[in-house]
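Look at the two complexes coming up: subunit A is in both, with subunit B in one and subunit C in the other.
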Partner chain A sequence: MKEQFLNQVKETLEITDREINFEDNFKEYDEWDSLNLLSIIAMIDEEYGVTIDSNTMSKITTIEELYNIIESNK
Partner chain B sequence: MGLLKFSDIGITGMAAAVPANTIDNYNYTMHFPTEDVKDIVDKVGIKERRFAPEGMCSSDLCFAAAEKLISDMKIDKSEIDLLVFISQTPDYRMPATSVLLQNRLGLSKNTAAFDLTLGCSAFVYGLSVVFSLVQSGFIKKALLLDGETRSRIYSPKDRKTAFLFGDGGIAAIIEKNSKFGDSYFSLNSDGSKENYIKIDGGGYRNPSSEDSVKEKIVDEHGNIRTDEHGYMNGADVFNFVISEIPTDLKNLYEFANETKDNMDYYVFHQANSYMNNYLAKKLKLDTSKVPTCIESFGNTSSVSIPLTIVSQLQNELKGKKNKLLLSGFGVGMSWASSILNFDDCHISDLIEL
Partner chain C sequence: MIENNPFSLNEKTVLVTGASSGIGKAIAQECAKMGAKLIITARNEERLKDTLQSLVGNGHQYIIADFSSDDGINDLVKSLPILDGMVHCAGLIKRLPLKFVNESHLTEIMQTNFFAPALITQKIYKAKKIQQEGSVVFISSVATGFASFGNIMYMASKGAINSLSKGIAFELATQKIRVNCIEPGMIVTNLTKAISDEELAEDVKRYPLGRFGKPEEIGYAAVYLLSNASKWITGSVIKIDGGLTLR
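Here is the complex of A and B:
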């Protein structure tokens, strides 16, 4: 489940050249921008039925935190 | 709930006008690096937009569309008893642009005329107002005009909005006729989200001043605008649309005793391709029934639904009966959806001005 989410984030951000980790600050990725923010929101809505508002998104940094928000809103 | 039902009223003809001045979005690079522009344009899917040249107003586009429609449909102007003009870019702060258009179009002094000021939801809202006046009164023909020069509202130096918006104007004739059967509307609003899309300055709360027209850097990305430019929080708008619109459509189908699959076409406000594609996917729609014109004209606010109908469904509506779902959503936040029957609707050729 956690592994699957990591893959989904990787795919959504179109990261192909490396592995990513739960502890990563995804906002520091080169691939991260306001357009990919929409892609992440859409992916989480589609896959988990959870909508994450931009205020919540602005407060978190790691993929783990993102995952925990989904878990607590499911 | 803002649910409405009408009987035996419909749109009998439509026309649209866009400025001939075409912006190639991939080459709209005076303020940003070419590769950044490509990323944005690829994602929003807006290849071209039309910008009204200096001196051209929303009303001029609507005037051209109305004259063409009236002439193509051979309408006797004395039969037009109601004129409603929809825009958030009117000619003046007063008087209302609809009143000026009554005179320009040579309509009778007995014409009821007023403006409606909503954004992306306004065409559906406007239709519901016109339908209700036609239903309750002795109006032979109603003229609904809807125009925007959204290109002037946003800063070309704010990447969140610089590549999205375009200009256009439409005209529609609405009449009573038993061939139309029943139509249904759902109207909604949520002012707690007023700052999702907004212009802070230049109204009466924060009047125009030397400071309000000064360019400022507004975020960590270095985007630049004045207080009299519009701004948009794209992620919040996206969330709003993907959660509210499916709910609204569900309510509307239920109210109308209809099903999704009974619709011949689904015409959505053209916000940007990314959002529209995601919405269609989430609603599990057959994309061949979701016409779009976002690639060619960008986001024209309230004009985008009728402009999609005029530019994409001319042949499809001619001589045929069709059931359309319309859904507009945006600034306010305000959103409205409708199920309407079309029956041999006249669509004039698109005008370039």
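Here is the complex of A and C:
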């Protein structure tokens, strides 16, 4: 499940040249921009049925935190 | 008071959809201040009642209406009296990048933002419930010509409204019924909750007049388009955007 989520994030951000980790601050990725912010929100909504509002998104930084929000809202 | 104030809405009966909050609520309130009798509709009874209570003057009424089905639209039209004007404010935003757009999201947006106002207007006209010299106002958006990330579906729905408005304006000109659009820029309402505070703080910098709009500022334009002051205006799009689209 955790592995799957990492892959989904990778795919959503269209990262092809490296692996990503749970501890990463995804907002520091070169790929990160406001369109990808919307894409991550949309992916989580589509795949997990969890709606994260953009204010919550602006407070979190790591992929782990994202994952924890999904887990606690499932 | 000026006698025969051309901006007055005295003796005019006006339908406002989406009147339970935001721009619709403010439009209903401003129309009431100018003397109109309001028929306000929305889905949420509690909030719609709040709007009703906030309207000055007497004789206003509310009708609970759900525009997600044809039945909801038919029921509304059946229960309406003869109107002098209508303002279509009910609207929905869903921000999704193209990759995530699908038929069900598109249908949801188009139903509320396009099909409902189109069919309500059509059915009211067919049922002869709009007076000659009446006025129809669609709330569109500067988003018709001003892209922002994730806004594809909303942009498309409002672009459709602009063209719809012109088409109807042309046909109904023979009845002296006028049809116009208002294109607001960012107005802070419940609908903008989908946007983070951080993004809003960044966005406001793009507005030459230095701030976002207030719902009542759209209300004033609606009053104008419903009033006799705008008798020679049809098929127009009035942009109210604090200068956003100047550049």
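Going forward, the second predicted complex is superposed on the first by the 74 of 74 C-alpha atoms of A that agree within 3 Å, B and C clash if a C-alpha of one lies under 4 Å from a C-alpha of the other, contacts with A are read in each partner's own complex, and residues count from 1 in each chain.
The criterion applied here is as follows: a contact is a pair of C-beta atoms (placed from the backbone, for glycine too) under 8 Å apart; a residue touches a chain by one contact, two chains touch by 3 or more.
Values in this document were obtained by computation on a predicted structure and should not be read as measured data.
Engineer: Specify the outcome, clash or fit, for subunit B and subunit C once both structures are aligned onto subunit A.
Structural biologist: Partners clash after overlay.
Engineer: By the touch definition at the top of the document, which applies to A:Val50: first (subunit B), second (subunit C), both, or neither?
Structural biologist: Neither: A:Val50 stays clear of subunit B and subunit C.
Engineer: Between subunit B (first) and subunit C (second), which does A:Ser34 come into contact with in this model arrangement: first, second, both, or neither?
Structural biologist: After superposition on chain A, A:Ser34 lies in contact with both partners, subunit B and subunit C.
Engineer: Which partner does A:Ile60 reach: the first (subunit B), the second (subunit C), both, or neither?
Structural biologist: neither
Engineer: Just to be sure I read the superposition right, which of the two partners does A:Ile15 touch: subunit B = first, subunit C = second, or both, or neither?
Structural biologist: After superposing on A, A:Ile15 lies clear of both subunit B and subunit C.
Engineer: With the two complexes superposed on chain A, say which partner A:Ala42 touches: subunit B (first), subunit C (second), both, or neither.
Structural biologist: Both partners, subunit B and subunit C.
Engineer: Would you please give the residues of subunit A that touch subunit B in one complex and also touch subunit C in the other complex?
Structural biologist: Residues common to the subunit A contacts of subunit C and of subunit B are 34-35, 38, 42, 46, 53-54, 57, listed in rising order.
Engineer: In the complex formed with subunit C, which residues of subunit A make contact?
Structural biologist: Residues 34-35, 38-39, 42-43, 46, 53-55, 57-58.
Engineer: Mind pulling up the subunit C residues that touch subunit A in the complex?
Structural biologist: These residues of subunit C touch subunit A: 95-97, 99-100, 149-150, 193-199.
Engineer: Across the complex, what residues on subunit A touch subunit B?
Structural biologist: 33-35, 37-38, 41-42, 45-46, 51-54, 57
Engineer: Could you pull out which subunit B residues touch subunit A in their complex?
Structural biologist: Touch list, subunit B to subunit A: 39-40, 43, 160, 221, 233-236, 238-239, 242-243, 274-275, 278, 281-282.
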